[in-house]
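Input: a single structure, listed below in structure tokens.
For clarity, chains are labelled A, B and C in written order, and residue numbers in each chain start from 1.
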């Protein structure tokens, strides 16, 4: 047994991880979540905005991180729609455009009274990474002469008076890397004192904590925070509890729990093998 | 029982009276316009190219944050000095916010007059508040808000240049051993012994990322070693510009090693800009080619662990270097050697061994001293001020000055 | 000349961007130089695409090992390029019903949407999801309590791993939580702080943050120094050698 475990083929580990993730998904195991103080900071930043405030929804993620970030992007969209805020979607990643379309589909399906061009709009993707941010913060029309669908921004009612991103009352960024939250903080939130909240992957989040609370009001890190934020939005707007897709983050916490516990057990097992080997005088 | 009935009757009566009141309001006359905003002020936005004017006002008395405000938004109008008509509104701002906005559609040197009105339900418009007499923007030639940033930039860059010059003048500078860079020879040597190739990945960012440039400097050195040892070097790239630059780097390295004939440009090739498409292709090749050594030098994201674990599974000796703090733990766990952050940027100077390049490392150390002094001063002053319980004493002022002026953007002097 | 020209361009553009940070009048120069880079990078796509085709066509024609993969790459590349360039839209178009494939070319049902929805999305998600497996195997192999530092790291990892899930509530949910409005006593704070989710917040917000900041300061100085060396032409190794 010791020899088998000592030279354990990594495919056994892969199999265990597969089972750890698949089982709670198939059994639909969910756990209750309680929003943390940080999540409530994010929630309140949106909740305290008056109706009609302008919010830039900067979605900078792609299908690869959709599993982790889409629940928070959807929750941000629902929260802003409930608050009747004006939503301006834009992307610095080419593959983020379908992510915006997913959010817009939520608005079309669940908030049919909201009107494109008056309550929300899709500025779409522009190449240039952080260069785009540096331009739109001083002059949005230098890069965005039309929206994503080719309509001139001059003809879109909610673009009236919006000459730059400085006109926004809040920036909401969901990002999986660069360009993303770091760049929005560096080139917009910090120099122009714009209020900003963000959502990031678990790997990215630790790099963004230094920006809180001065440059970032709050941050949703990984699926755990997404689930807590969903819970906070549901607590504030209980009718959302009936919508299954409004609880995607909560649903994904089951596999996360079992996966994390498996990793802990694997590390303990590896250390047991290591100490047995050391006592036996094995070279490795 | 009787009390409950009386209460129900009272509630019903109140509702009835309320309904009559609402009906009376709806049917008789249009809603009264809200109270006007006041104290309209317009001033030049500081430290800019004269592109904007800052507009602020005192909210209308009806803009009450009690959940049923009578003001929905404010409309701002502008006209050039001397014009009679106000024209269309130029800006709108939702009620209940900070009561200020920027007008960015102005011309430098032109004087403007402004008017603001509060707009209520059914577009009931208040009396205007006006700013007459003309106000214009001024073009500033230096962004005072960034004065301290400029000073720190000059001091740190000055120190780097000074130490480079000092090193050129013969000053002896020592740098500690960096195991990851010492391992370059070992890794290339092993590849030669095994008769397998060396893989070099220059990150997944474009050439405008300084990490890509730092990676290319390491590539130059790795290429010189592979040329000397006659090992094969493969460089898949995820950006076209990186491919062309890497070709130049490797070709020049082979030339300087005296082996221009061994250079094969087909070994430096472009795959795709798409992050995981690139990873899929590279890891596929790793499994098939079984490289003896893998170098990961540049900006990496989620792909770091996939690459390093695949490299580990084929038994390659692996050296990574990146300034992406979030990916460092993955490289440390899966690679033999990892250059952490600044070590990665020191690689060029370290590998070149040129004294003037070493001078730049000394300049970096000076920057750290400046950072540490500021940290100690700021944290010390803030802590002592907090312990003394004073929020406006000398220590608190020092902490605030460091935070808001030196590290912030409030300018040079309070 | 071959090396002097790039050095001059790098130095000029670099200094323009630095100057544009401090002199408002030159702000737009910095923006323009960044737009030039975007134009260059866009043109370079042609270079990259050409190289991709050349390398893979060669591999297919020479029937080298793995040539079938190259054939798939060529087919995928050409199909996506054609669909994108021709802007193949949905069919039928409700407005121009007599023009085939002329509907929205990125909307639901279009060829690009199909490629995205049924190829790019599942493929990239699969690659990202593989991280779960690799993290497990890397943790199994690398985490050993070999010494004091490694043991501390291990303990911290356990706390954060469990603190980020409902396991935190199961394991330490019984510890009393601090009431929002209550004046916190010493023991109240202690018990509350020992809850796994609170410990995780402390580890991430204090220890991890301090370490991150130290690494970031070093990186920032490294970036400043490297950039300066590149701008001044002191470090030319990225151009191959130090010689002109």
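Note that in this section contacts are C-beta pairs under 8 Å (C-beta built on N, C-alpha and C of every residue); 3 or more make two chains touch, one makes a residue touch a chain.
Because the structure is a prediction, the values reported are computed rather than measured.
Engineer: Where the centre means the average of the CA atoms, what chain is farthest from chain A?
Structural biologist: B
Engineer: Of every pair of chains, which is linked by the largest number of C-beta contacts?
Structural biologist: B-C
Engineer: Report, in whole Å, the distance between the mean C-alpha point of chain B and the mean C-alpha point of chain C.
Structural biologist: It comes to 14 Å between the two C-alpha centres.
Engineer: Where the CA atoms of chain A average out and where those of chain C average out, how many Å apart are those spots?
Structural biologist: Taking the mean C-alpha position of each chain, the two centres sit 14 Å apart.
Engineer: If you look at chain C, which of its residues touch at least two other chains?
Structural biologist: Residues 27, 37, 41, 120, 124, 127-128, 135, 137, 139, 141, 143, 212, 216.
Engineer: What parts of chain A, by residue number, touch at least two of the other chains?
Structural biologist: Counting only residues that touch two or more other chains, chain A contributes 10, 62, 64-65, 95, 138, 206-207.
Engineer: For chain B, jot down the residues that touch at least 2 other chains.
Structural biologist: 274-276, 302, 325
Engineer: For the complex, give me every residue of chain A touching chain B.
Structural biologist: The touching residues are 10, 49-54, 62, 64-65, 95, 138-139, 160-161, 163-164, 166-167, 169, 176-178, 190-191, 201, 203-204, 206-207.
Engineer: Where on chain A is chain C touching in the complex?
Structural biologist: 8, 10, 13-14, 16-18, 21, 31-33, 36, 38, 62-67, 95, 97-98, 127-128, 131, 134-135, 138, 142, 202, 205-207, 209-210, 222, 224, 253, 256-257, 259-264, 266-267, 269-271, 274
Engineer: So in the complex, which bits of chain C are touching chain B?
Structural biologist: 18, 21-25, 27-28, 37, 40-41, 44-49, 51-52, 55, 65-66, 69, 120, 123-124, 127-128, 130-131, 134-135, 137-139, 141-143, 212, 215-219, 221-230, 232, 234-235, 237-243
Engineer: Spell out the part of chain B that touches chain C in their complex, as residue ranges.
Structural biologist: Those residues of chain B that touch chain C are 47-50, 139-143, 146, 149-150, 153, 156-157, 160-161, 164, 206, 208, 210, 213-214, 216-217, 220-221, 239-241, 243-245, 248-253, 255-256, 266, 269-277, 279-280, 284, 288, 302-303, 305-306, 308-309, 312, 323, 325, 328, 330, 333-334, 340-342, 344-346, 348-349, 351-352, 354, 356-357, 360-361, 363-364, 367-368, 371.
Engineer: Spell out the part of chain C that touches chain A in their complex, as residue ranges.
Structural biologist: Contact set of chain C toward chain A: 27, 30-31, 34-35, 37-38, 41-42, 106, 113, 116-117, 120-121, 124-125, 127-129, 132-133, 135-137, 139-141, 143-146, 154, 157-158, 161-162, 164-167, 169, 197, 201, 204-205, 208-209, 212-213, 216.
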